[in-house]
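Here chain A shows up in two complexes: once beside chain B, once beside chain C.
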Partner chain A sequence: MSASVQRRPGESILSNPLVGRALGCLALSFVLALMIGKQEGTQQDFGLAFRQAVLGPRILWFLLIGVLVFVLLTFWPRVQPYLNRPGIRPLAVGGLTVVVAYALLKWTDSTAVSDGKFGTLSDAASQTGTLAPLARTFFTAPLPWVLFLVAFAVGAAAVVIRRAVLSWVGAAIAVLAGVWAWYSHSLVQSLLGSPDHSTGALVALLGFLTIAAACAATALSAEESANTRGFINGVFAWRPGMPLVGVALLLGLAGFAIATWFSPGNRNATLVDTASMFSTTGLSPLSKAYLGWLGYVLFALSLALAAYAAYRRDARLGWGAAGLGLVSLVLNLVALHDISAVGASTAYDGATGAWQNLGTGGWLACATFLLLAGAGYIVATAGSERGTIARTKADIAAGIGKIPGKSKALILFVLAGALFYPPMATPFWQKVLVSEIGIYVLLAIGLNVVVGWAGLLDLGFIAFYAIGSYTTAYFVGALPIQPPEWMRLSPLLCIPIAIIICLIAGVSLGAPTLRLRGDYLAIVTLGFGEIIRIVAVNNPGNFTNGPRGAFGIPQPEIHLGPIHIDWGQASLQYWYLLLVIVGLVILAFNRLEQSRLGRAWAAIREDEVAAQATGVNTTRVKLLAFAIGASTSGVAGVFFASQIGYINPDNFVLNNSILVVAYVVFGGMGSLPGAMAGAAVLTWLPEFLKDQVPAEDRQMWIGAVILLMMIFRPAGLIPAKRRAAELHGLDEPSSAETTAVAANEGMGATK
Partner chain B sequence: MSAVIAEPTAPDTAQRDVVFDVRNITLRFGGVTSINDVSLQMYRDEILAVIGPNGAGKTSLFNSLTGVYTPQEGTITLAGRPGDAPRSVIGEKTHVINHMGVARTFQNIRLFPALTALENVKVGVETRMKAGPLSAMLGLPYQRREERESTERAYELLTLVGLRSRANELAGSLAYGEQRRLEIARALGTNPGVILLDEPAAGTNPAEKRDLADLIRLVNREHNISVLLIEHDMKLVMSVADRLVVLNFGSKIAEGLPEEIQKNPAVIAAYLGTSAEEAAGEVETQPELHTIADDTANMTSLDDAGATTQEETP
Partner chain C sequence: MTDFLNYLVLGLTRGSMYALIALGYTLVYGVLQLINFAHSEVFMSGAFGSYLIVGMFVHDGQHLAWWQVTLVMFLGLLSGALVGAAVAWGLERVAYRPLRRRGAPKLAFLISAIGMSFFLSQLAGKLFNRLSQNQFPSYFDQNKAVFTIPGSGATVSRIQLIVIVSAVIMMVFLDRLVSGTKLGRSIRGVAEDAPTAALMGIDIDKTISRTFIIGGALGGAAGFLFGTTFVFSNIMGFIPGVKAFAAAVLGGIGNIRGAMIGGLLLGVVENLVPTFPWNGSGGWIGLQWTDVVAFVVLVLVLVFRPTGILGERLGRAA
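Right after this comes the complex of A and B.
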């Protein structure tokens, strides 16, 4: 506060900086009030929206926001030291999560509750006499908000005052509120009795648990400032593999004790119910035993073995746990297959084949066993990791060096989710997973080679996707011009041909544009993308069938000796095909990034002249980037064409190219996991928001997310190590002390 | 300009193996002549220094030798490594010339800042390797072997320049002198027969300069790599160079042994901005040029002297 109190005569009161700031803040709240809520007037009354915004009592809330901003700005130097206290960030995240769950998310999919939001549901629930009193109490009007505000306020007070008692009280209230909300919601669900995939209650529970964790962190941490990353590193470094065992314990308990294994007629049969349900049917003895007792025993055994191996850091026990986990996983899958096959053989609940009508429990058990096997594997291999490994506590807290098993554990979490979440999801989300998330992840991986690694901005990337799609359409005979009979191929066999054609296309785009850089290259590639689309529209030689495109592209199939796999309409099967393709591409590209070509790409991106002078053949390296990126896109095109069955030029518009670039930038340019995460998040978000916000507001929310990212993580969700250095690493002092080079070190050889 | 061109007086030049044979090259940018009819020979295993005031055309000469610029007239032939047949480099691409055995460093350091020191050197080492993208994606055994070899070689070179302990630091985070040495290591990684150093001592302190001189001698004597050096620091140049070539306004004004150059009136004139005749008189009173250089060592170069010359000379 440097406001001068004394005013010289003749100076207006407005020149006082405090007054100016106060007016600015009030103006801000006024504008906010106009922006939020209904916007349009009526034919008779154009001033309606304005009056609603400004003259109603709700303007007071906005003015309060303005005053709060003013107070914060004015006392900022005093507020700031508190912002680094341990627990403050989880507290903010948790609070925000709960508010989102209360205000935005759906709490039920049942049509009995009009929009399914928390407000509507709680009104209805509090007036339902048949609901258990505990749940009714929770949903009674101000209580949920009061609980939240009390938990948040006590948490905030604990952060500021740093009293252990206060922290534990806050944590207790938060846990209580979260569990109460979850329990009340599940009671409401069983009353409504319809299948439900709403996320509100779960998100609220997570938010409350985060607040509780923040309180606990405040109580437990001795330091003045927070070190979240150090804390997480510490968790992973304590015993490699143990975090996986912990998560597996939770998943396993949920899977074996609570979750539905089989859902005939919307009934939720847990493992016990399922076992009794199938006790008299012709289930194989092994599966019967698994449902009856073997499953529990295997869970307990592999959990104990993995935990003990992790605790003792014993590699042999680790391999044992890995083996036991895998065997259990296979047995579990066999049992799941058997019960669903028996269910299908009796056409139970309209089932037509195996793997139908299964609940979440079996898949949770699968994830559990996979994680336990992974934990064993991590224990077994933790000792043999190469590179600089963080050994001391200080190193772990500061994030210097590798934490053994951390990246493997994260990969296993993602893998478990990718393998066993989709069968639990609704058909809608399965479709989104395949035709949005999966395909765009593959495209983003391809574009990341061109944009992220080689630093060549390509705005026509979707053209190669189109080329891959049309190649497939031609070779399966779905276009007006038919290939000769001997050249007709099944869609999966088109993949190598599409790769070759896209390699050629990539090189032929790359070759003439090699001299261009930056914006100029972007413009030319953008033109290339449009040329391909317009050629497809113009139908030269009746090849592309013009705007109508190609239809009747067959589904992929494999007939290899005794193996017959036929992909039908169900999205889930495509998901696993896509998972195999993406997995292979990731393995290959991960090696590529660490190879001499990956370093040569980084070199031309950083300094092309120096790269040339160091002997890098920049022409070849750039062409390879274009070709490899293009062929990845071509594979995605083959997949897309044969999955969806029909293509036309509208699938390949400029907008899609720009979206893929946005995904790569959002995720972190030059980072393989980043590009994938960026594509996954930004394709998931619009679909997710469909249910949560009015359709007109969807783009606004996505824009807000991107804006927040640009402010808080400008290098992307998961920044590349090499790129991160480029963005800010150079100004930072190097992590190690600058040691003076000993007089003769290296120059040594003074003979 | 009435320049006196001293004949090369190095012993038994006739028998020596020529690395670079530059004959009458002229390089123009529009109306500006950057290099004017320059000829020079560089012999195997020598340290040849090119000196001259700012704007004399030294870096243009380097760029012509490495294929960044293509001179309009004249010929340049190169026998990069011992036993190579002489080949013209005019019109060849930079990376091809590099593969012929010419490595260089830059006046303003041009590392790959976002790669580690080790990776920087590996980029250089690996330009001599064969494994393509497919073998990298499949992780074929011979690609892995090459990878191991390049890592080993890179560590050797980092040890040579004294950066072994900094191998996993990002190049951009190294100290200035370390970056200079890393650039040399990266250049050596390409297994050159001749290395072109463009002002390697610029911006380094006296201790680092001594280390650098040791390094240059070591590279030259132990590894049998010919060195072509541009440097403003006269003390360094006089201590390491076997022979000197002096450029001024794009023309060669002198060539010879260090002690001859120090007494050469044309050179002194070029640096001090007086005519050759006056300078000849000055040689008596101030026989050793490098004492002048010593005085100006803190300026890292004789830029200012050079700048004034340009204004005053017709």
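Right after this comes the complex of A and C.
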């Protein structure tokens, strides 16, 4: 405010930072008002949508948001000291989680409730006389929001004025609200009675519990400010594998106690119900025992063993826990197979066959055992001596030293999710997982080699995908021009051929264009992508069948000695095939990044002239990057063609090429997990947004998300280690210099 | 011969629009060494903005006198240029400046521009109802021949004449602006060597902002011309944008005269080559290969002249 006084003559009022910020915030709220709302207007009246968006009273709400943002930004320095108070972060996270659960997520899949979201569900539930009064009360209009706001406000007040009593009150309200929400939802579900995959109630429960935990942390902490991250790191540095055990405990409790195991027709049988359903059938004794008691015992045993091993950091116990977890996993899978197969043969109404009609419970149990086995493995390989890597808690807090097993734990989480989440998902999400998320993850991995590692901007990447698809279509005989009889192949056998053809295509695109620098290369590759698509449309020599494309591409199958696998129509099988392909590609590329070639790519990416001077054969190395990326894309093409069964040039438009580049950069250029995460998030987002905004507006929101990501985190979701090292130095994080003076002096410097 | 000349005029018309858009790419590339992927949406918003203004003054089915048409055209160009400039300015503030302050990697700019491009084109779609075939009101007979090229039956229609003449005027204006004014000098200075330019007292942020504004004005005016000649929609920017980007590269990206030549050349080539030998029977290659021809020519030129026809550098060549 004093800035306006000191304004020099000749400077306009706009150059006052406060005024600029206020205008920016108001502009932001104006744009938000334009973005949110129905699609309106006609050809005769273009202004209608505009008038509806900003001339009604609703604009006031948006302006209010703008003003709030302005106030928050302006008084940020005053807010900041409170941000290090204990409990504030979990409070914020919990609050956000509950809001998301209330506002965005589905609370039921039942078609009786139109969009299945909280608002519609609670409207319907509060009017339903047959619902238990307890649940009906909960769903009565403002109550859930009031509960949430009260819990949140009490928690916030407790953080600010630091009174333990207040904290415990907040925690109690939060727990009450969470349990009430969960219980009411389960009452509603039992009334609706159809199998359900919705997550709203669970997420709300977790959010409320997080708020409760925040309140408890506030009450229990003696210090003015908290270093939450340092505390957590300090705890887990001694006990690698412990987070996995914790998550496994939650998943296992949900799986064994409340979740559905078997759901033919409209039944929702928990583990106990399933055991009694199968008590008189011809289920094998082992599976019967598993359902009856063995499952619980195995869960308790392996949980206890893993937890004790992690607590003591004992390698032998760790191996034991790993073994027990794997054995239990296998037994669990056997039991799942048995109940679904026997259930179908004894014709429970609606039971359709092996691996069908299974609820979430069995898969949750699978994930539990996998995580427990993983925890044991991490303990076993972490080394038994305390402090081999990290010396003191202060070191950990300062970010010196690595927490053992952290990356392994993350990989295990992802693996457990990838293996056991898809069978729990609805058929719609299974389809999305395979034909959107999975395929684009594979493409992003391939493009990451070209863009992220070698630093060559390729805007025509989808062309190789097209080449892979059309190669498959040709060799299985789905195109007008048939291959000779001896060359007819099954789709999976097309993979090596597609790789070779894409290698050739990549090299023949790369060879003449390698003289070109970054942006010239971009337009040439873009042109190449368009040329391939237009060739496919224009159908020279009747090879590509024009805009109609190829159809009737057979599903992949394997007949190898005794093994017969036939991928049919359902998406789930393809998911596991894709998982194998992606896994192999990741293994190979991971090695590649560390190799001589990977380092050569980094060198030419950073400085081509210097790389050449140090003896890197830049032409060869660039060509290899192109060819390797192209062949990955080709594999994705084969998979796509044989999974979907028909292809046409519309699958290979320029927009998709640009999107894949956006995925790679969004995730974190040059980082393998980053590229995968970027592709997964940005392909998941449109499907998620489908329930939130008008379908045509999705791309607008995605554009906004990409833009915000680049503004606030230009290095991407998961930045590459090598790039981070280039910016901050390889040996130590930058925070070590500033905060760890005492640690460096006391325990000996880590350098 | 008649067909050849007709296609040539057609190519020049399209080419001058490409050139106007390409100038936006090339100006930004000159000062930032970045491809402004959202420039195609600046072009698009110019069409919509000028439509809203022009639509207030003229109506479908009117027949205006030539001086009225000229006035409306001038108004359209001006409003398109203003809207384009405003959008380009906002674009720079939102999608470029914050990243520049953070020292983001080069590709992050590309992606933020792509995000902005999605955002703008879909926001326009939301506001203008996602119709794919919007048309300006027809207030004069666009396709009436103005004159016949002597020695053949080829004609130049009114709209073609308007497009070419106004594009040439704007390009000459830009050329003078960049080579002759103080602003032009600072743009060239930043393009040549930004840190040194800053040491010489040039405000880099301001110069970059103004470069976006100039490029946006040209793009917005091109949007008006394109919308008047053909149809316009919220996704109209994509293909002309890609072509104009190709044209900028063809001429030597960062080079203003290069962009003009590249745009005209691309327009002419993509109209003449597929219709060869110009006897009115569709040509040997066929019109469906137009885009392939454009890109093949681009690749061939780049293979033999890796930095485009006139070479790079805004600073040197202008």
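Rule of thumb we're sticking to: the second predicted complex is superposed on the first by the 579 of 751 C-alpha atoms of A that agree within 3 Å, B and C clash if a C-alpha of one lies under 4 Å from a C-alpha of the other, contacts with A are read in each partner's own complex, and residues count from 1 in each chain.
Convention: a residue touches a chain if its C-beta (ideal position, glycine included) is under 8 Å from a C-beta of that chain, and two chains touch if they have at least 3 such contacts.
These numbers come from a predicted model, not from an experiment.
By the touch criterion stated above, A:S595 is placed in contact with chain B alone, chain C being left untouched.
Contacts of A:A695 after superposition on the shared chain: neither chain B nor chain C is touched. Touching more residues of chain A than its counterpart among chain B and chain C is C.
Once the two complexes are overlaid on the shared chain, A:L624 sits against chain B while remaining clear of chain C. Looking at the shared chain after the overlay, A:G615 reaches chain B, while chain C stays out of its contact range. By the touch criterion stated above, A:L560 is placed in contact with neither chain B nor chain C. When the shared chain is aligned, chain B comes close enough to touch A:D607, but chain C does not.
Of the two partner chains placed by the overlay, neither chain B nor chain C lies in contact with A:A222.
Touching of chain A by both chain B and chain C, each in its own complex, is seen for residues 723. Taken in their complex, chain B has these residues touching chain A: 66, 68, 93-95, 98-99, 103-104, 106, 110-115, 119, 122-124, 126-129, 131-133, 136-139, 143, 146-147, 150, 158-165, 168-170, 172-175, 178, 186-187, 189-190, 211, 214-215, 218, 222. Interface of chain A with chain B (complex): residues 388, 588-589, 591-592, 595-600, 602-603, 606-607, 609-618, 624, 628, 722-723, 725-726, 729-730, 732-736, 738-739, 741, 745-747, 749-750. Across the interface of their complex, chain A is touched by residues 29, 35, 37, 51-52, 94-95, 98-99, 102, 104-112, 114-120, 122-123, 125-131, 134, 238, 242, 245-246, 249, 253, 286, 288-289, 291-292, 294-296, 298-299, 302-303, 306-308 of chain C.
Only residues 31, 34-35, 39-43, 46-47, 49-50, 53, 451, 457, 512-513, 515-520, 522-524, 526-528, 530-531, 534-535, 537-538, 654-655, 658, 661-662, 665-666, 669, 696-697, 699-700, 702-707, 709-711, 714-715, 723 of chain A touch chain C when the two sit together in their complex.
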